[in-house]
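Have a look at the structure below, then the notes.
All chains are identified by letter, namely A, B, C, D and E, in their written order; residue positions are counted from 1 within each chain.
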Amino acid sequence: MNDLGIFTTIVTAFAVLAMGLGVLGPGIGMGMAIAKALEALARQPEAEKSIMRWLLIGLAMIESLAIYVLVVVLIVLFRSPMLDYLLHK
Amino acid sequence: MNDLGIFTTIVTAFAVLAMGLGVLGPGIGMGMAIAKALEALARQPEAEKSIMRWLLIGLAMIESLAIYVLVVVLIVLFRSPMLDYLLHK
Amino acid sequence: MNDLGIFTTIVTAFAVLAMGLGVLGPGIGMGMAIAKALEALARQPEAEKSIMRWLLIGLAMIESLAIYVLVVVLIVLFRSPMLDYLLHK
Amino acid sequence: MNDLGIFTTIVTAFAVLAMGLGVLGPGIGMGMAIAKALEALARQPEAEKSIMRWLLIGLAMIESLAIYVLVVVLIVLFRSPMLDYLLHK
Amino acid sequence: MNDLGIFTTIVTAFAVLAMGLGVLGPGIGMGMAIAKALEALARQPEAEKSIMRWLLIGLAMIESLAIYVLVVVLIVLFRSPMLDYLLHK
């Protein structure tokens, strides 16, 4: 098996594994935030607008973590920067 | 075993493993959110419409994390970008 | 398989895996912070400005942890400093 | 594969993995601290100045842990002290 | 691969990994301590001086744990005591 075969195999496998691993923390974190937001909403229904504005800002910041992982995974899958060293050898 | 055989074997195995791993966090997170939503609903039954609207928005955002994993897994399974390097060698 | 092939394969695989691992802690931590912020907001709606100013400062500090990981991953992927020893050998 | 190739490959891979692992604890710890600070702020809004001074001192001390990891990772990546033994052999 | 190559490779890799692993506990521990200190501060604002003196002493003792790891990692990286046995053989 040549270099290119090993590279594409292992890198593709680890990239998809990293994506699966990368949503573990954000998934639990977003669940915590939403849970408390709904509890807060039940205690103070008149503050719905204020609670939910901040919940959405918070979810967007957690979502950004998952997007970092997605961006790195897509860079590695579609345009892996180290592949040039193997192709133009 | 040639390059293509190893590539398809390992990549398919890791892709399906990543999908299984990727629903772990979102699954727990959605459980937390729904649990608190039902608790909030029992405390404030008249706020059902408001609680459930925000629960659905929150669940949709957690769901998006699992969709990222699904998209990456489907890209890798159906149209793996690195497979070209092995086919047009 | 030569040096360059092994280097690019393993380093790319571990870099993307590290990114997936690196958002686990920050994701859970941000979820905790947002959850308590919303609970605090429901208890003291008049303190919204003060609570949210400090929540955003806190989230920015947790986000900085994820950015450290992202920076190290991008350095390693695009301009790995140890690659020179392999190229100009 | 010669010494230099194995050294650069394994060291770069472990360095980036250590960075991903090193933000796990600080990320969760900072989340805990910020969460309780906001809860305290809601209970004693008049003590904001005092609470937040100590929160920032605490976050700075947790951040220092992540900086230790970052410094060691960057030392190893850019100027690994043991590389001399391999280069000037 | 000779002795020196194996020694420097494995030692550097594990040293940086140990640094990443070594801040896991202190990071979570410091977060717990700061969280409860701020909660205590909100309950007894007039005891700020006393609470925070002891928080800083506690954080310094937890920080010392991470410094132990840092010192050992730096000793191993820059002046590994067992390296003499390999060099002056």
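Keep this in mind: contacts are C-beta pairs under 8 Å (C-beta built on N, C-alpha and C of every residue); 3 or more make two chains touch, one makes a residue touch a chain.
Not measured: the values here are computed from a predicted model.
Asks: Taking the mean of the C-alpha atoms as each chain's centre, how many Å separate chain C from chain E?
Replies: 20
Asks: Once you find the CA centre of chain D and the CA centre of chain E, what distance in Å lies between them?
Replies: That pair's centroid distance is 10 Å.
Asks: Could you tell me which residues belong to chain E and also touch two or more other chains?
Replies: 27
Asks: Based on which chains touch which, is the overall arrangement a line, ring, star, complete graph, or other?
Replies: Shape = line; chains linked end to end, path left open.
Asks: What is the complete set of touching chain pairs?
Replies: A-B, A-C, C-D, D-E
Asks: Where on chain D does chain C make contact in their complex?
Replies: 1-2, 4-5, 8-17, 19-21, 23-32, 34-39, 41-43, 45, 48, 52, 55-56, 59, 63, 66, 70, 73-74, 77-78, 80, 83, 87
Asks: Where on chain D is chain E touching in the complex?
Replies: Chain D reaches chain E through residues 2-3, 6-7, 10-11, 13-15, 17-22, 24-33, 35-37, 39-41, 43-44, 46-47, 50-51, 54-55, 57-59, 61-62, 64-66, 68-69, 72-73, 75-76, 80-83, 85-86, 89.
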